[in-house]
Amino acid sequence: MSEAGQGYGGRVWAELRATPRANWGLNIVVLLAVVAVCADLIASDRPYYLNVGGERYFPQLRATGVALGLAEWPEELRNADFRALASQADAAWWPPIPYRSTGVDITGDVFEPPSAEHWLGTDALGRDVAAGMVHGTRISLTIGLVVVAIQATIGILLGGLAGYYGGWIDIALSRLFELMLGIPTFFLIITVAAIFPPSIYAIMGILGLTGWVGIARFIRGEFLKVRSMDYVTAARALGVGDARVMFRHILPNAVAPVLVSMAFGVATAILTESALSFLGIGVPQHLVTWGSILSESRGSTFAWWLAVFPGAAIFLTVTAYNLLGDGLRDALDPKLEVR
Amino acid sequence: MAAAAGGAPLLELRGLHVSFATRAGEVPAVRGVDLALRAGETLALVGESGSGKTVCALAVMGLVDPPGRVVRGSVWFDGRELTALPARELRRLRGRRIAMVFQEPMTSLNPVFTVGDQVAEVLRIHLRMKAKQARDEVIGLLHRVGIPSPESRVDAYPHELSGGMKQRVMIAMAIACKPDLLIADEPTTALDVTIQAQIMELLAALQREMGMAILLITHNLGVVAHYTREIAVMYAGKLVERAPVREIFARPEHPYTRALLRSLPRPDRAHEPLEAIPGTVPSPLELPKGCAFADRCAQVLPRCPSDPPRLVAIRQDHAAACWLHEAVVAAGPEPA
Amino acid sequence: MLQYVAQRLLLLVPTFLGVTFLAYAIMLMAPGDPVDLFFAGGIAGGGEGISTDRLAEVQEAKEALRRDLGLDRPIPVQYALWLSRLLRGDLGESFKDRAPVWDKVRDRLPVTIVLNVLSLVLTYVIAIPLGIYSAVRTGSRLDQISTLTVFMLYSLPSFWVGTLIIIFLCGGDFLAWFPPGGLRSLAHDASWPLLQRMADYTYHLAMPLLCTTYAAFAALSRFMRTSMLENARQDFIRTARAKGVSEPMVILKHMLRNSLIPVITILAGLLPALIGGSIIIETIFSVPGIGQLSYQSVLARDYPVVIALFAASSFLTIVGILLSDLALAWVDPRIHFGRSSA
């Protein structure tokens, strides 16, 4: 079974790489993940390396250590203004975008159009848009992946329970599924997000708790399909537990469509979260996300850069995951014809 | 009814070559097939999957889907070259003078229309029948093909019928306009054994009644024995033998035909193991230069893998493409 | 068939009850109090700088209001009260201004309905022919371009498009082809001739309509194309051709009929999506519809309005699903009523 699984997975992977559109989606997804992980390295108001009067410092590294609780700031660097230090320093290596996403610029550089200093401009509080976008990547991707993980977990669990046990458990859970489908999802999300205190965890929770029904129904369907097959009946007749049989036959076939669903799920989650930020709901004020930058342009319509760039980022990310989902779905389709 | 008299053939395939242009290259499915079928007669085209027999049939109807197309040769029907006809003309012939019954009754009917509707469609298109008249005609046809209670079945949907019933409906659709030629592509393969015989009997009865020619495509030599006058055996896109039924069974000349016959289960040899033909059909992408059967042939000669034998007459009415009959080949002129 | 419909209608009730109870409970369990918010507008804001007896007075007033609004009762009781009022046709009163909820909703309802219905109609009218074209001329330049375009549209965030439109096309620093929002011009008057009034509405609603429609259109298009292409491969299409059916008939009669079946089911998903999307589009373009009201009420914790709109939304969603299931059972002869869900 494992060799078959490997061959199958390997084939799907190869097919994915071969299709240009799917390949692009994959590349962009990976790129975004890299940006998200290395956000601090790309945009930060702490230099990589500082050489002041012969003393060598690695502020970025130090910051990471401090955050992990493994290190402490040396006296001279605590609450230091790195920019001022850097101007006196012998050497200083800065990240490409030398700003923090939440760094309010009190020198009054507000609503700056794109320039040499601020490549994508600044917002109402003087925060650098490029930095905001880089760090926003981390937030969006985290939300997307966590939400999808929650959805898949709940979906597989409930769908599996319904399908495996059948009987009144199935009936009860199926009623639950129907109930969930009758909920106007976006409205509910907005309502919950607006009336509970803003928190990124709440957002992830509510998005996760509202989107699992598709996966649940699919898994349930797979179980039902397998249960009615002859070899399960035969196994039962022999006294062999059918749990094992069912899992062995469901798992390989079910993994793929669930992955497709998850890819599209990430796109939807990021889209929804951005919409919420845009409406000013749910994400705490101090966090800068793509949606929040975009929403600033509503009140100040001259600041086109606050609309174009973050929106483009959302668009690009959603497109990438949709391409990935499409590509996966086509790669899994045994008939290799039309796209 | 066909205008051709007893002499001229109703259907002729002349040097037909059909190939598919795929990403992996040009795949030849039919590599030069010559066939002739006279009005009112039955010819069985026999071969295993992948031999190209279905493609031949589709080519007659002009139904070979792209990327497949006829690359050489021609198909003639009642004196007209089908392969040169414009689409509109061809369409007028389809269902009217040449009809086809397909292999998979389960999927060959449109699930959203009633059975009566689909049979009536042929009548409406070709014979311009009005609804009421068509409906009566359809009920009659359903009755003719052996469907019980046709008055109620006419409004049934395909999924409400069994496989055998669906195939009867397909046959009803095919004979509705009393075609001159009926092409039956493995009409019984997907059906239960008991139903198979019934369907074959039905086809035979219809032929006797309506005088139509039948091109019967099958991989099952045993099935055709009763129902056909002539058998043509295909292998890897080419004809390897062609002879009347009795000849083929009594004196098969091509090793492939012989092997096929040996592999048939026989009640008088019930305790002997079935003989399979060793090896597999060559991939159409990698066809050998010579005889395609060479690597599986029990009587292969040194020249076989490199020199493709032509189909030539060995006796009257009996042609084979094999170097075993070299003497005849060397001396003889064109095939019968 | 009738039995199936009755069965589904019956199921509708518990689902509706379940959904609305859930919403009600969530709102009441949320931290923060609508009464506090209500008072927050006035001097009773945080109680700062107010003498203690004044404070007590304010507290009493709040308590009185709470009792008045029934907020001191347990949740299930409140829900039951609300439900009984609903069944009598009484939607309650807004917390914000004590105006009847129905009054607030009444004028806005047609706006949202018209916008969404127009959207749906436009979507189907364009997407279906496009889908047919894709099946007939698969791989042609137009097909490739339209497939790509549709895919991009599918991924475009509507709030981005709306914002960009407002920035670039609706006055401000760039072009001023369309108004930045609203339903009509200030000068719009009932005495205007019909054509002029229609033109004014069109001028204002063109962009919101565009934003609402393109997403639904993208979703439907993709679906339609896939459906048509899948059907084109089927054996019964070959049978139709073998019968001598003309190519246009093969496509329009045999292929289309089968392809429309799944497309109908999409309606169940499109309707709630449009309702949800209205919230964003109406807010961006300041269109006085239900969506905008929803957003404002949620922010203001105006529970009666929110729950009323939620109930309406949920009702439409459930009905949408029911309608699409029924349509499916009616159109697809293979579906046996009662066993349509596997």
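Chains: A, B and C, in written order; residue numbering restarts at 1 for each.
Keep this in mind: contacts are C-beta pairs under 8 Å (C-beta built on N, C-alpha and C of every residue); 3 or more make two chains touch, one makes a residue touch a chain.
What you are looking at is a predicted structure, and each value in this text was computed from that prediction instead of being measured.
**Student:** What is the shape of the graph in which nodes denote protein chains and edges denote touching chain pairs (line, ring, star, complete, other)?
**Tutor:** Looks like a simple chain-to-chain line, open at both ends.
**Student:** If you count the C-beta pairs in contact for each pair of chains, which pair comes out on top?
**Tutor:** A-C
**Student:** Where the centre means the average of the CA atoms, what chain is farthest from chain A?
**Tutor:** Of all the other chains, the one whose centre lies farthest from chain A is B.
**Student:** Please report how many Å separate the Cα centroid of chain A from that of chain C, as a whole number.
**Tutor:** Roughly 26 Å separates the two chain centres.
**Student:** Whole-Å distance, chain B centre to chain C centre, using C-alpha means?
**Tutor:** The computed centroid separation for chain B versus chain C comes out at 57 Å.
**Student:** Under the stated contact criterion, what part of chain C meets chain A in this complex?
**Tutor:** Within the complex, chain C touches chain A at residues 11, 14-16, 18-19, 22-23, 26-27, 30-32, 138-139, 147, 151-152, 154-157, 159-160, 163-164, 166-168, 172-174, 180, 229, 233, 272-273, 275-277, 279-280, 283-284, 294-295, 298-299, 301, 306, 309-310, 313-314, 316-318, 321, 342.
**Student:** Please output the residues of chain A touching chain C within their complex, sorted ascending.
**Tutor:** Those in contact with chain C are residues 175, 178-179, 181-188, 190-192, 194-197, 221, 224, 267, 271, 274-275, 278-279, 281, 291, 294, 297-298, 301-302, 304, 307-308, 311, 314-315, 318-319, 322-323, 326, 335, 337-339.
**Student:** Going by the contact rule set out above, which residues of chain C touch chain B in the complex?
**Tutor:** Residue positions touching the partner: 234-236, 238-247, 254, 257-258, 261, 331-334.
**Student:** Residue numbers of chain B touching chain C in their complex, please.
**Tutor:** 61, 63, 87, 91-96, 99-100, 102, 104, 107-113, 121-122, 125-126, 157, 159, 170, 173
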